[in-house]
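Look for subunit A in each of the two complexes below; its partner is subunit B in the first and subunit C in the second.
Right after this comes the complex of A and B.
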């Protein structure tokens, strides 16, 4: 199901995580306009009442939210999140950066899930959603013990992305 | 139980079986396909069984479950799609528990070199003998069993187990909670990923160029050999990680864990005096390749055999 097997060099240049993201979105349609502004506004708001009907714009919003997670991670890598721990002030900076990224990622994910999955998932997929939630909680708990961990941040992003992708799959079905 | 009871029970069972036999519609279709054409198969529930032959033809047999709208076969000699179509229903479509349609079983013969793309929900998938350029299987809860030699293979599952024996130069497989068992001659790139499923990879007499494995809470067990300048990267949060490589390994191996135990032959495990965590960095042989194993709380072990 890979969509681009002809350009292996370019594919290899992508981080595995981003490639995974792109794969997860291979059947999506690009949003017609920038939807992030609306999502950002909703992040600041309390979770609103769940609508009984799933509106048509769910898929593009989910796509935009997933993109935000991916782009956020790229920004994190480029700002120096990757690499060995450095002593002194730099170490302190990176620690706060990892924590801030994790918190930001969590808020973005929660906002996206409000838009994508207001209803209960189908019964046969409930165990998978529960499993993803359990593992996300496990990572967050681990991050509380080791807030400087690039490994945990990346695992958290993957787990959120995977849950979003599954919610999108249900929405499309 | 009296003899009369048994007879009535047997008669009832026979009636039920007869009803099932009549309810399912037999499938017997054939379409021409170029030897290197592409076949797409979609079936929500039931089974998909694919076998290969040397004919430039696709043969579809099996039975269409009661309540299914139809079997849709579209395309041409280059690209054929086979889809089990369901009646439109409100709710959450193919995932809905309200779907009363019966399972559909598909048995498909394809040209041995034809590309294959299979998409199912709960249907079990069994593929044998294909040697295509690309093989792709996507499932939610169905079990996937493959014995094939595609050049590139891509597997995606939510809760279904993946049991894969493939000879491929590039394999990507991921699940949420399903176990992932990968065997075969793998001499290129391998990427395996689960959230809570168990990963078990064993390459047969081949050396991988690049292998990456990741879980959150699932265990990882890898038994392989590393090509010159090859790379292995394994990481888990709370799962245990077990990597077995040959004794003549030539690689720089680094390990790191927050609270798990690290173990590697001959390596000095460093533990900071203040604070948690442990790590090691050890060179084996000429240090040509690069291996990293990393965990948060799971144990990580390197073995040389």
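Right after this comes the complex of A and C.
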């Protein structure tokens, strides 16, 4: 509830009488016609889309999946992701390691999303979901062209983690 | 005048509090009991229709269609309702969202209803059956209804419903600054129109 006393409203402040009159417009107004018959007809024609009940064990499983993403990255940095650049065949091996890690991360992310469920996000969050999906696709594409990039791999991890966190937030709201 | 207004503000709400009876009705409706949902409709139709009518600027068939739509959406969404807020609050929010979705869809069809002030002035200036312009008998409610849709929505949500700019911005998919600018614009237009026809 706003208080109507912040600085932004003072600039174009309303006379008190008008302010009160506006607030007084907040009143019930019954529709002229009884709408129930139409509502009843529509809800009988459109069966509810009942979302499947999520068992209580899913939350820890999804959390674990998130942790797998994070731990997988730490393991990657410690094993092959650090150290001086290696020439020749070793460099090729490290490139495939980055890509393999990206693919593994993608599979873990998809498994986590299945656990969280396909819940439909509210309309106001849909652009955020779309943007994160678009970013993930762009990063995967960039990785295909630059398979040695640890920066892209880290960006992919962050994007998946954000997408998963947002999906969890919606699923358990 | 202020006394009358204040009294109307503190009068008991038409809808009883969300007590155990309301909770039982909501739970039964969530399980699929139509009679329980009808009882909820009877309790809340006035409030839902009222806010929708204010947002769309009229009390005709459009407001009634949207009221019906809001209750159908409520029926669909009820199984997910977790009593984290009062049912009346949840339903009010859903009604606002239903009206705003319609405003947004109209905005994407500019031939239907734009935010053009000229169009609005055309509406204000149209002659009524008695041969007088409607502008001559304009009161506050009609002045609000005559505002451009987006400006009206922000003004109604802020000055009538008491929302914060952050909430309005989120619901309308705009920046907080845009919500403040729209409110400024709406208030100026409202004052001008009321003064012009005083």
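The rule is short, and it goes like this: the second predicted complex is superposed on the first by the 119 of 173 C-alpha atoms of A that agree within 3 Å, B and C clash if a C-alpha of one lies under 4 Å from a C-alpha of the other, contacts with A are read in each partner's own complex, and residues count from 1 in each chain.
Keep this in mind: a residue touches a chain if its C-beta (ideal position, glycine included) is under 8 Å from a C-beta of that chain, and two chains touch if they have at least 3 such contacts.
Keep in mind it's a predicted model, so treat the numbers as computed, not measured.
Look at A:158: by the touch rule set out above, it reaches subunit B but stays clear of subunit C.
Judged by the touch definition given at the top, the superposed model places A:124 against both subunit B and subunit C.
Residue contacts after overlaying the shared chain place A:149 against subunit B, while subunit C stays out of touching range. Look at A:138: by the touch rule set out above, it reaches subunit B but stays clear of subunit C. Of the two partners, subunit B and subunit C, it is C that touches more residues of subunit A.
Of the two partner chains placed by the overlay, neither subunit B nor subunit C lies in contact with A:110. When the two complexes are overlaid on their common chain A, residue A:166 makes contact with subunit B while staying clear of subunit C.
Subunit A uses residues 1-2, 16, 20, 123-124 to touch subunit B in one structure and subunit C in the other.
By the touch rule above, subunit A contacts subunit B in their complex via residues 1-2, 5, 16, 20, 121-125, 127-128, 131-132, 134-135, 138-139, 142, 145-146, 149, 151-152, 155, 158-159, 162, 166, 169-170, 173. Contacts from subunit C toward subunit A in the complex involve residues 1-2, 5-6, 8-9, 13-15, 32, 34, 37-38, 41-42, 45-47, 49-51, 53-54, 59, 63-64, 67-68, 71-72, 75-76, 79-80, 101, 140-141, 144, 155-156, 158-165, 170-171, 173, 180, 183-184, 187-188, 190-191, 194. Listing the residues of subunit A that touch subunit C in their complex gives 1-2, 4, 8-9, 11-12, 14, 16-33, 35-36, 38-40, 42-44, 46, 48-51, 123-124.
Against subunit A, the residues of subunit B that register as touching in their complex are 92-97, 117, 122, 134, 136, 138, 140-141, 152, 154, 156, 158-159, 172, 174, 176-177, 191, 193, 195-196, 212, 214, 216-217, 235, 237-238, 258-259, 276-277, 294, 296-297.
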